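By written order: A, B, C and D. Residues from 1 in each chain.
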């Protein structure tokens, strides 16, 4: 291994920060595209945490999960972007506060 | 991989293979009937293959999947649920979507995801199953393109479900960091001798709970439920409420059982806490709903609350078998009932493209116009309300037994309170259905195809049989648990 | 004697037939059935009485066991002794005459059949009451006559006032009946039987004179007697009960039913002898009632109400007799009162019948020549009522007063009170005679009584005159006071008082020597008259104390106060629903936020628990 | 097997009535009539086969084989649940009452129903089947099943064929009974698992659970679960408020069934299950229960007087009368128990008749509001006479069934608790007040000369005369009923310590 050992806690903190950023984005942004991006950030934060944990235990499992998360995120985004297109076409807006027919 | 491994995984393989075949078929021939028939056939085959697989169960195939009777039982249930959804969807999707064939493909994949969840004993398989289920559902929810509501529902579901998945995954990552394993059993064993602080474990557990709780729509993670259920096409709502939820519940139960999380009182108490909140809030929210889909959405929250009692009942280890049996029976009964209820809504909406939701007054006098559908709804409502002679009652009775045997008095009290509130809105549906029709209030006619009729009959018979002759299923459950 | 069961059966059967005919039976047949059945009963009673008088043997007959639970085995069984014979004779004899009279009185009424059905049912119930061998069967008759009284008072149902009077009669007596009901429960619980003869034996063997339990039991029975016999404080129903047809008043509210209380006490006299305080209470209640009713009768305008108050007053005498231990005298007065009061009521009924249903005595007058038969009947009846010498009432009332005198201690006081009552009786009874039959005529009669009415009146006149000479077969059955050694002064005073009353009445109402008008116009006189006229304001008192509070309570509770609780639960659920549903805003960002809130909540619970 | 046939007959008859409506709208009521008659005849034939001396033998409450009929078929072995039916004198009495009142109910709805008559008669028959099941089931799970199943058709009867406010009334009825039913289910399950805890097999059979000892708080919870369920159904104060609404809104036949027999299931449950299963606790609880009974007697009577709706009045009178049942059951001595059973039968008949009367009036006048009646005697003397008869029956006139019942109850109660007896006896006065007030407002008073009204027809008169004769019979010769119930009570006395020893058990209980 050699080189600089980054302590696990630091990486987990970074991941947690990223995750929180994603959550904040989800809570604060109205535009569906930014929400999807925040979602990606969250997923990637989780993936990062897995990689770090895998490194700690000297296992490949973390990286494998990382790959799985990546593909899942890709699939989500694929569907998500499809929805974005449709929303733009049908609602004429991407502001999710406006896309609010279902409630109560 | 040995032959036995393949045999053990045969339901999953059949579904995966079926999906491929379906894709090819769609590429060559576009025919809804054919696609639907193939879907139902595949699922039936998958269900049958479970019997085949049961011969060698239990068998662990790779660290990821465990083929035991528990998993196979739910595979059968999910396949039947999927097949029923496919049957119900046919007319609906023909009128509500442009190119309906892929719908069945997605449904098949979704069912596959649910089955994988039933097999999952590892975080990776859990992740795969969950996401396969969810991503297919995003598309399924958004499938009808004649109305904008499905679109909104899908967008909401996608964003929130994604966030929940991310949360759960982050939680698992923390647990992994603390324990160094992703297998449920090993995870449980390592929990006690971790070197990291206890708070990491707790945060991880809380995040996993949040993620899975969201998928189960437990209070306080339930806000999305009515919107998504309301916007989604009715057959998919049924699938979402029954199969998707059951799959997540099974995975959660498996996680608790395999990792023996019942050791940690706080974790179990959290489930109890969420159960109480769900029972109360779900029933209260459903109380005055006039939109039947939303009402059923809230009621599903309450029902998951009832089901969560199982976790508390599992605290004493000698009660665990009874509790698992109760959970299994409840899921079977609940799936059948939910599919029946949403099936009815599907049939009502099938030919009306404009209709986005079903209000109570839309089913006014249904019992007199369409006795079969009325009967189906009556049975479904009584079963949901837990009236004897229906599946729902025996399920509730099971939970009563498990909880009494486990001395969970507070939960039982809440259960009774919740059921009391529940009667009001379930019976209100019955009341509307049996209202006398006034001449000026003309209701649109509902055309029901022969296979929908047959399915209705089967569902009525099934719910009643589960309620009156539960002994064989009970005996089977007891033998496998 | 196996024919005993025929006695109540005849009227019962007749009543059943009349009910089943549903009013379609021809009048002649209904009349024949109605009066004839009572006549047949009377013949049977006569046969029974002859046997009894001949051998003095108690006759018993058990029809069947009513119910048997553990040792509680009341039977449908009859017990005939001298007391019963007297009562049966009065009921069937006077009853037959009144039925006969009724045929003519109600001939034009549309509900002729219904009337006779009720009347026959009443006679049957009354017979059961007196023939019963156990208190439960007696209670059956007791309530049965109450129900028939209700039906007959409210016979003319179209006028709501009649209905109100009927209800009042039933409910007020029911108050007493409930006390009696509890008395029966107490007796059964303590003594293990309700059969009268074994009960008396058990009481005598288990209880001492003056024990609490017999006092309590007899007090409860007295409650029943007071209610049924219209004594203080439950007398208020009887004047109102005059809303029924006049023959009904004669039969039920003068001759038979109202004296049931007297019969009850006489029947259970051994029990009452064990409870001297109750017996004293009986005497005082009797005295208070007879005075109160006497004063009230002085101020009434309605011919039937005057007679009603006089009935209350006369039953007060019977109670007085019972209270002082002169049980036989009480029953004697019961019989003579049945004769003369039935006579008076029937005569009054004839007046009313001939005067287009006029009740107010001040619109009558001068009927002496126009209705001679009625006049003489009324005169004889009043004389007997006032206990003028050698009428039947004289003998019985005299016996009561002398018995009271002989009682040591309170006796003279009771005697003096009774004497005052006798004076009042003389005044009000002849006030009635003088106002109605003398003076100027205000209303002309449009018809004369027919042979049935006249016949009944004449027979009753004879009975009222000679009834005092009957020797009742009560020796050995009921105890009596020996008053042979009373000084002659006392006897003379007793005889003279009614005559004084007659004189006063003459002076006030006929002789014009003292202007009654000026007396009544004076402020004191007016107030007193109003006070008496209203029956000493007792009705108003009960209305304010009991009736209005009950109605208020019912009105207040009308909309189910208990539901307030359940409605509150519903409101709570709705409120909670309303609060929770506001969270469902449909905003995606808020939903995401809720996810975070949930996570924070779980973390908080977990970390708090861990620390 | 005969009991299964009996219940099955009613169920199948219901299905037949429902389906045969397609052929002819008049057919269902004939089918219903035939079914109930057939069931009655079948029951008679079954009874005839039982040797007469069996009716005199005391059945052992803990052993079904000593009962008149006993049947046990495996059903759900997982929970030790079986299809266990048994009949003793008490069940027999109540089943006969059920079937007879079923006939009355059918007669009372003969010409009333024009909407879906088939399903109406079907629901009627299913309710009867459910009630018969309740009276016969000896497996607690089965009992609960029947208990709930009789509610559904009753709910439908009210909700579909009820009057203007039927939705509210039906819902209230169902929620009250269902919630209390769930509490009972909880108690049943607790009881069964307590059987396991004390070393037995899991079983829901009454015969296995009788005599089981529960300790402390658990026993109280379990007992209260049963008590609430049965008291709600009885209905006892303060759980009665569903009753006036349900009665008012139900169609005539529904009211007849509800008052005549459904209420009796509550009393039956207390007598058969609640008290024998928890003897000590129940006897400790008795003063409270009796207090509720007395409160019900008075409260029901006062509210009955306050009503202007004919059916509501009768409904509140039921509350008052059933208070006597509660008193009788918890006084727990032979007299009081016999009185309670008599009250169940007599009240069933008298109230059914009054509801039939109410239905007949509503059908003719299209109102239940008594302020709009008055003087009806003139137009309908036969109705008036019948109403008068049942009014005086309901106020407890001696010679009629209700009096025997009330007297026995109070006589039994007096030995245990004279204070309660005295207060309850006030109910006799208040009963007179409301019953006579009812007569005044309807049949007496000034008649409306414009009004045209038919009197009772032959069919209605037949039903009325039958009930009049029944009440007279019960009032003058109740011995057959008493004799039928006596052996059962003898058996139960062996299980439950009588009320006289109340104080002793209480001191013993606190001493532990």
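Note that a contact is a pair of C-beta atoms (placed from the backbone, for glycine too) under 8 Å apart; a residue touches a chain by one contact, two chains touch by 3 or more.
These numbers were taken from a predicted model, which means no experiment stands behind them.
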Inset, instruction - State which chain is most central when centres are taken as means of Cα atoms. - result: D
Legend entry - Winner on C-beta contact pairs when A-C is weighed against A-B: A-B
Legend entry - Geometric centre distance via CA averages, chain C-chain A, whole Å: 96
Legend entry - Rounded Å distance, chain A centre to chain B centre (Cα mean): 26
Legend entry - Gap in Å, rounded to a whole number, between the CA centres of chain D and chain A: 65
Legend entry - Inter-chain centre distance, chain B versus chain D - centres from mean C-alpha coordinates, in Å: 42
Legend entry - Multi-partner residues of chain B (at least 2 other chains): 155-156, 159, 163, 167, 226-227
Legend entry - Two or more partner chains touched - positions in chain A: 23, 26, 35, 96, 99-104
Inset, instruction - Could you list which residues of chain C touch at least two other chains? - result: 581, 584, 586, 588, 592
Inset, instruction - Provide the full list of chain pairs in touch. - result: A-B, A-C, B-C, B-D, C-D
Inset, instruction - Can you check the complex and tell me which residues of chain A touch chain C? - result: 23, 26-30, 35, 96-97, 99-104
Legend entry - Complex contact set, residues of chain B against chain A: 123-124, 127-128, 131, 135, 138-139, 142, 145, 148-149, 151-156, 158-159, 162-163, 165-167, 169-170, 172-174, 176-177, 180, 182, 200, 226-228, 230-231, 294
Legend entry - chain A residues touching chain B - in the complex, by the definition given at the top: 8, 12, 15-16, 19, 22-23, 26, 32, 35-36, 39, 42-43, 45-47, 49-50, 52-54, 56-57, 59, 61-62, 64-65, 68-69, 72, 75-76, 79-80, 82-83, 86-87, 90-91, 96, 99-104
Legend entry - Touching residues on chain C, where the partner in the complex is chain B: 573-574, 576-577, 580-581, 583-584, 586, 588, 590-592, 594-595, 597-599, 601-603, 605-607, 609-610
Legend entry - Residue numbers on chain D that touch chain B, as the complex places them: 75-79, 115-116, 141, 144-145, 148-149, 152, 155-156, 159-160, 167, 170-171, 174-175, 178-179, 182-183, 185-186, 189-190, 192-193, 196
